[in-house]
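First chain written, first letter: the chains are A, B and C, and each begins at residue 1.
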Amino acid sequence: MSVLLNTENLSLGYQGEALIEGLDMTLEPQEFLTVVGLTGIGKSTLLRFMAGLQDQEQIGGQFTEKTGLRKAMVFQDYEQIFPWKTVLDNVLVGLEKSTVHLTESKEILMELGLSDKENAYPHTLSGGQKQRVAIARALMRKPELLLMDEPFGNLDYQTRRRNQKLLRKVFEKHAMSILLVTHDLEEAIELGDRVLLLKQAGEHRFYDVDDNAGREARTRLLEELIFELDT
Amino acid sequence: MRLRYIVVMLLTACLLYSGCSRPADEGVLKIADQYGLAYAPLAVIKERSMLEDKSLEVEWVQLGNASAIREAMLAGDLDVGFMGIPPYLIGRDKGMEWQVFTGLTSAKLGLVSNLSSIGNIEDIEVHHRIVVPQPGSIQHMLLSMAAERTLGDAAIFDSQLVSMKHPDGLQVLRAKGDIQMHFTSPPYVNMALAEEGFRLVLDGEEAFGGPFTFIIGVASKSMVENGQGIEIMQETLTEAIEWMQRNPDEAVKLLSAYYDLSEEDTRDYLLGEQLRFGTEIEGMGAFESFMSEAGYLTGIEEK
Amino acid sequence: MKRFVRHMAVGLVLIGLWQVIYLSGVYPAVSFPSVTQVVRSLVIELGEGVLGWQLLNTLRTILSGLLIGLLLAVLLVLLWRRKGFLADLVQTLVSVAHPLPGVALLPLLILWFGVGERVIIVMIVHSVVWPLAINLKAGMDAMPDIYNQIAHVFSLSWKTRMLEIALPSSLPYLLSGLKTAWARAWRAMIAGEMIFGVIGEHGGLGTYLFQKRVFMDTPALLAGLLIITVMGILVEDIFFVWVEKRTIRKWGMSR
């Protein structure tokens, strides 16, 4: 299988002013790439550009993606779950309520630990549960690429850890790639196969995360990332 | 605490308000008439300060319809009112203690149609609409009397009535929209009949079966029985009517200014056959018996 | 429901107070009839008279006016939310027309639409369309931008966007608009009829009040007012509360 998307010397920004400059990146199938950087550096801009949301412009460079690439997205905000739809209807939004879809959605909800919430309305759910509904909704689209914008950013530490583990499990089960933006460096290392660090003035670097590396290696990577962000 | 404060404020406001709106000045005679040439003697009294000359303190009010006059008299805001016979009868029927103390006007009322196809009341169809000043007005009663005589059902047109003031009625009649007829009084009858193709469907006296008084003056019973003011009123009315007859030129001048009409038109209306002023009262009994039989007077229900 | 019971209790107290004033004889019985007279009138008017028809007629007319007004409001809001000349036009129209009471327009409306049922419907539509449009617009404006992003990312159809997202999302606003619209339509209808008397076959409640006034049937007049009050309570305390319970309260969206 070919790469899902590829950028060469890509510059993005608003009203002619570049936020991201000269980005070269490639995303392989079934790869988990996390993006970190300081606030305002353009992490979300990059993600939204890839999602096709038209609020920023491509200023220069090349961007190519696999034709017909199936994408889905999970946002940071709890508001992404429609309060007037039950959990099941949220997951099925825009999809026909066929038997196939119903069976699939129930499986996905079970996978995300939401089976008993199928008919619940969102205002009765916790923040973590709402984000899992959003993930379930994205999974229903059978995405080849799942874009995630700080999905656990609003959660408390415990809930975040639990959801991170769940996400990694989901990632391994479904054949897809994930591009996840976060400001949490630990989360980036914990989840990603590769970490993209965005720095000022278009500087960027990739770090490989070795799943088999011990705690020490990971701590070293974390320290390196912290150091890079500070300079 | 705050609630008590508000209640006190409200009570104060109520007191102030009722204090202003109903001054209990015993001396002042409050008189209400309506707009139109049929009330011309009252205009003469007003303009020539004839009551004031007899050192009677008066206050004039002009109201839009008989219901308003009736309600104001019931509420104690008015002492004397001028209206048609039927509204008076309705009030008395419902237990108002008031009495007629004078007649004022007889007039040629008439039902005018704007369609050549409507020549008499048998031609009126269910979808036709008829303008009257109000249900229960003398115009409505005359229509019902004719309907009973000709068609055997007094109430047959009751759900086809539209209520409007005379000038508005004339305007919609001219517009030839969804209104086909207007039961009105001079000068509007004459103005309507001057339009091309408009016809007189029913004449008031023809409907009534003889002459009748159009406008009467009423006051509370106690006032009529022992009130000095009422006697002066009666006297002055007679004088005013006599004055109009003796000084037609002056009367025309005064009234044309008062009603903002041309002197020529005023002369036509006043000296023609349409309006006759006089203090006698005609037709009261016939109105009363018709209205009771047809169910427009029902009496007060006993408890 | 609790609110309904409370309102009823207050109503009973007021009725008691009424009877006390009647018995005190401060006001003449012609203008201040007893409670039993009023109740008897109510029974007679509903049973033998056309009050039932007039009530139905009133409701039917108001509902048609509301429906037309709602459709117009939706159209207006769709234009309003576009940028440019049309949006400015709608904006101006709303600010000019909204504060105008329908009754004030009546003399003009009569010239344009005659005095039939049409003119009442036009007046009701005028009374309801502006508050509906304003609320609907506010609801759409208050819709979180994230809904549009979701619609884009998940390629939702226009129909889904409108019916499953924009509509329920602005429902709290729409409902408060409908409440205002209902109250205004109700007033416009009664006021209009009280000015003309009969409109249509039997007319509506305004016609009823008008006729009872001119024939000085005060108990029946009060019976009519009672019907109007009860209708108001039914719609506001029962119907709208019922709708809210099944929608925005169930969804945790009530403002």
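Keep this in mind: a contact is a pair of C-beta atoms (placed from the backbone, for glycine too) under 8 Å apart; a residue touches a chain by one contact, two chains touch by 3 or more.
If you're wondering where the values come from, they're calculated on a predicted model, not measured in any experiment.
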item: Topology of the chain contact graph, where touching chains are joined (line, ring, star, complete, other); value: line
item: Chain nearest the overall C-alpha centroid of the shown protein atoms; value: C
item: Gap in Å, rounded to a whole number, between the CA centres of chain B and chain A; value: 83
item: Centre-to-centre distance between chain C and chain A (centres being mean Cα positions), rounded to whole Å; value: 49
item: Intercentroid distance (Cα basis), chain C paired with chain B, Å; value: 35
item: Residues of chain B engaged with two or more neighbouring chains; value: none
item: For chain C, residues that touch 2 or more chains besides their own; value: none
item: Residue ranges of chain A in contact with chain C within the complex; value: 51-54, 71-73, 75, 77, 79-80, 82-85, 93-94, 121-124, 137, 141, 147
item: Residues of chain C touching chain A in the complex; value: 144, 146-147, 149-150, 152-157, 160, 164-165, 168-169, 171, 247, 250-253
item: In the complex with chain C, residue positions of chain B that touch it; value: 66-67, 70-71, 74-75, 87, 90-91, 93-96, 129, 134-137, 159-164, 168, 172, 175, 177-179, 296, 298, 300-301, 303
item: Touch list for chain C against partner chain B, complex; value: 28-31, 34, 36-37, 40-41, 110-111, 114-116, 195-199, 201-203, 210-211, 213-219
